[in-house]
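These are the structures, in structure tokens.
Below are two complexes that have chain A in common, paired first with chain B and then with chain C.
Moving on, here comes the complex of A and B:
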């Protein structure tokens, strides 16, 4: 039944003993979400009833330092949207929809063959994109300093996301929140394209001949894809939440998880995805200036609730939104347009060129975020020892490490690691641009001329980050 | 399987707050000494305040806590259990030679003493803790052995607050 593996892919379900058995257990997702839910719940409690001091509260240290680093530097590059597999935010909403934590229900009323509760409305077509996620994330990031330093703000925002997710699950079918609203899901969708794993159909012919389409419509062994994607036709990682339902529901055992090379896909499909890439690189730049840079005044502007400089904050917010929504897109639009003109070939529309060359920001943006996060974890990582022993910062000492002195972990290597990561990101960015140009422009000289402006711009962006980090 | 999963979720939702309450009670346990008067005080930089109130995430930014006015008796064994809600504060009662001692966030700092004379004594922060440091005072009232109020000439009038008014509710 299985055809040959596509080039550069390894079927993990065939080579990792026990993996298929594990992932096709109905209890698998519940088993990985529950511990996460417990920690998440503790974090919310700690934010409300624990110390207001960020470095002494587990919600700040675990969520914004440890989780963030693991998410952006480990989970996304290696395992795509594995966070969505274990994310507790939609837990209650999905429980309400399914009235089941482990099992599957079939029958009506429902979606496909699965019986589901709630209003099961269709998500509005006009919002079926990631613009809400783009603006939601940008809005959160505008207030990032209070969010990242004040436990109660984190509790309100994260608790608010749970509430919002639950309400949307009651109204709309399946995971509308995760797919279209979750501000974290937006950038996970973008950067998961670089990831080294993918869920795909083994053999497309089997899918063509399949009549029950249980991966999409559900069945007695699994829920239909809650992410509104057709698993049998998956070509990109963006909107696959790795819930593993298609592995369970496929009646032909035709779905699998493959390992692949980093940066295997970077093709952006719409302006919403392109703007996500612009927002993410712009934010990485702005954070590097505000949080890691030597300009105290910018840091004060970004943190108005402490500094009281609301005028400066207005300036910071306007600059942030202008940079991410207008300046960076304009620069890439100009680069794409110039490249198109230099190539001198008809047949590639401006939109194609713009989206194609904006794809270079997928690996470069991911690298910039990893590089930005490296000093945060090296310098502040030791706080994990404090808060794991005293999660609320109230003087407990569960593990005997509550009073471990703050000790940065080899911060002298931060710059080397940042340089390595950024250069790797630039390599993959240039390769992405080159691949697009080669595919669309055919002959080599035209492709070189087409990619040159975007390549120069990407190199300048990487150089700017290098200057900020180690200059 | 479904019932077991539901039970596990309910246990998580109920068990974690109960565990937090238990651990908090454990951390707040005081020595079992007869006659020991334990006073819990939290130092807060916003407003420059020593307070009896529990200052935590949900109320720190919302309102100014009330200023503490501890009352003890001459000859009584007193244990101050001190916390900081934000930064490193100092704690000192200079006239009774209590402190100075640092109060760090995440720690419970204990100070013992036994007052020997009635009166009202100044409690002050001795480490620069923020914009309200200069006004971070409180009064310790030491009554007589039988609870009689301190003599009039030993009463203390705190300087009026100028920078950090206690007007947040």
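Moving on, here comes the complex of A and C:
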């Protein structure tokens, strides 16, 4: 049944002993979500009732320093949307829909062959994109300083996401929240394209001949894909939440998880995805200036609830939105247009060129975020020791580490690591641009002329980040 | 130099390799720190006090020293962050300034490597049959 592996792919279910057994257990996802759920609610409680000082409260240190670093620097590059596998936010909503934590229900009413509760409405077609995630994430990030530094704000926002997810699960079928609303899911979808794992069908012919389509419609062994994708036709990682249901539901044992090279996909399919890339690179730049930079006036503007400088905040917000929604897109539009003109070849539309060359921001943006996050964890990581002993900042010393002095962990290596990460991101960005150009423009000189402006722009972006970090 | 929630003024100090740096720092609001790991300096800046309480993180157990002026020799080049080491408020983890000791070769090398990578990519794309992988 299994055809040859596609070039550069390794079937992890075949080579990792026990992995297939583990991932196809019905209890697997519940077992990995449950501890995460317990910690998540501990953090929410700590945010609500613990110390208002961020560095003394576990929600700030664990969520915005430890979790963030692990997410962007480890989970996404290595394991795609593995966070979505263990995410506690949709837990109650999904339970409401399924009325099951482990088992599968078959019957009507429901979705596909699965019996499901709730209104099971279809998500509006007009919102079937990631624009909501784009604007939601940008809005949250506009208020990033209160969110990242005030425990109560973190609790309100994360608790609000749980509430919103639950309400949307009651109204809409399956994981509408995760797919179209979750602000975290938006950038995970973008950067998971670079990831080194993928869930795919082993043999497309088997899928062609399959009549029950249980990966899509569900069955007695698994729920139909809750992410509104057809697992048998997956070509990109963006919208696969790694829930592993298709591994369980496929009646032909034809779904698998493969390892692959980093940066295997960068093709953006629509303006919503392109703007996600622009927003993310713009935010990485803004955070690098406002949070990691030395300029007090910018910190004051970004922190209006404490500084009282609401006029400065308005300026900061307008600058942030203009940068991410207009200036960065305009720069890439101009680069794509110039490249198209230089290549002098008909047949590639402006939209194709714009989306194609905007794809360079997938690896470059991920690299910029990792570079931004490196000093965060090296410098502030030692707070983890304090808050695991005193999660609410109330003077406890549960593990004897509450009074460990703050000590940066080899921050002298941060600059070297940032340079290495940004150079790697630039390499993959140039490769992405070249792949698009060589595929669409055919002859080499035309492809080089087409990619040149986007390549120069990417290099300038990487150089700009390097100047901020080490210049 | 002054320290306040959550910045130093001036935010960036530029010196040359071999310069002796002398800093008098006062706090405009609460107690702050001045942690310059690259030069093994950790100072507490106490409001209304003319003194800095300095210690050296690598020399554990040494008594804290009270000085009016923080003095060190800029004997290595690059961009170094000094950070607040005393929890001073919500944005404390992001309170930092920069000491740039010229010539900053690492920055030059990093930014140069970016353009070198671009040039190498262009060379490979133009010269080799299959271009970039």
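The working rule: the second predicted complex is superposed on the first by the 471 of 471 C-alpha atoms of A that agree within 3 Å, B and C clash if a C-alpha of one lies under 4 Å from a C-alpha of the other, contacts with A are read in each partner's own complex, and residues count from 1 in each chain.
The rule is short, and it goes like this: a contact is a pair of C-beta atoms (placed from the backbone, for glycine too) under 8 Å apart; a residue touches a chain by one contact, two chains touch by 3 or more.
Note that the coordinates shown come from a computational prediction; the quantities given were computed from them, not determined experimentally.
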item	value
Room on chain A for both chain B and chain C (clash or fit)	fit
Contacts of A:327 with chain B and chain C, given as first, second, both or neither	neither
Which superposed partner A:462 touches (first chain B, second chain C, both, neither)	second
Broader residue contact with chain A after superposition on the shared chain, chain B or chain C	C
Partner chain in contact with A:78 - chain B first, chain C second, else both or neither	neither
Which of chain B and chain C A:447 touches, first, second, both or neither	second
Which superposed partner A:56 touches (first chain B, second chain C, both, neither)	both
Superposed arrangement, angle subtended at the Cα centre of chain A by chain B and chain C, nearest 10 degrees	60
Partner chain in contact with A:155 - chain B first, chain C second, else both or neither	first
Partner chain in contact with A:27 - chain B first, chain C second, else both or neither	first
First, second, both or neither for A:37, with chain B first and chain C second	first
Minimal inter-chain CA distance - chain C and chain B, angstrom	5
Those residues of chain A which chain B touches in one complex and chain C touches in the other	52-53, 55-56, 150
Interfacial residue positions of chain B with respect to chain A in the complex	1-2, 5-6, 8-9, 12-13, 16-17, 20, 23-24, 26-27, 55-58, 60-61, 83-87, 105-108
Complex contact set, residues of chain C against chain A	4-9, 11-12, 35, 37-38, 57, 78-79, 81, 83, 85, 87, 89-98, 104, 106-107, 109-111, 113-115, 117-118, 121-122, 125-126, 131-133
Residue ranges of chain A in contact with chain B within the complex	26-27, 30, 34, 37-38, 41-42, 45-53, 55-57, 95, 100-103, 150-152, 155, 305, 386, 390, 392-396, 398, 402-403
For the chain A and chain C complex, residues of the former touching the latter	52-56, 65, 145, 149-150, 291-297, 299-300, 303, 306, 375-376, 379-380, 383, 406-408, 411-412, 415-416, 419, 422-423, 426-427, 430-431, 434-435, 438, 444-445, 447-448, 451-452, 455-456, 459, 462-463, 466-467, 470-471
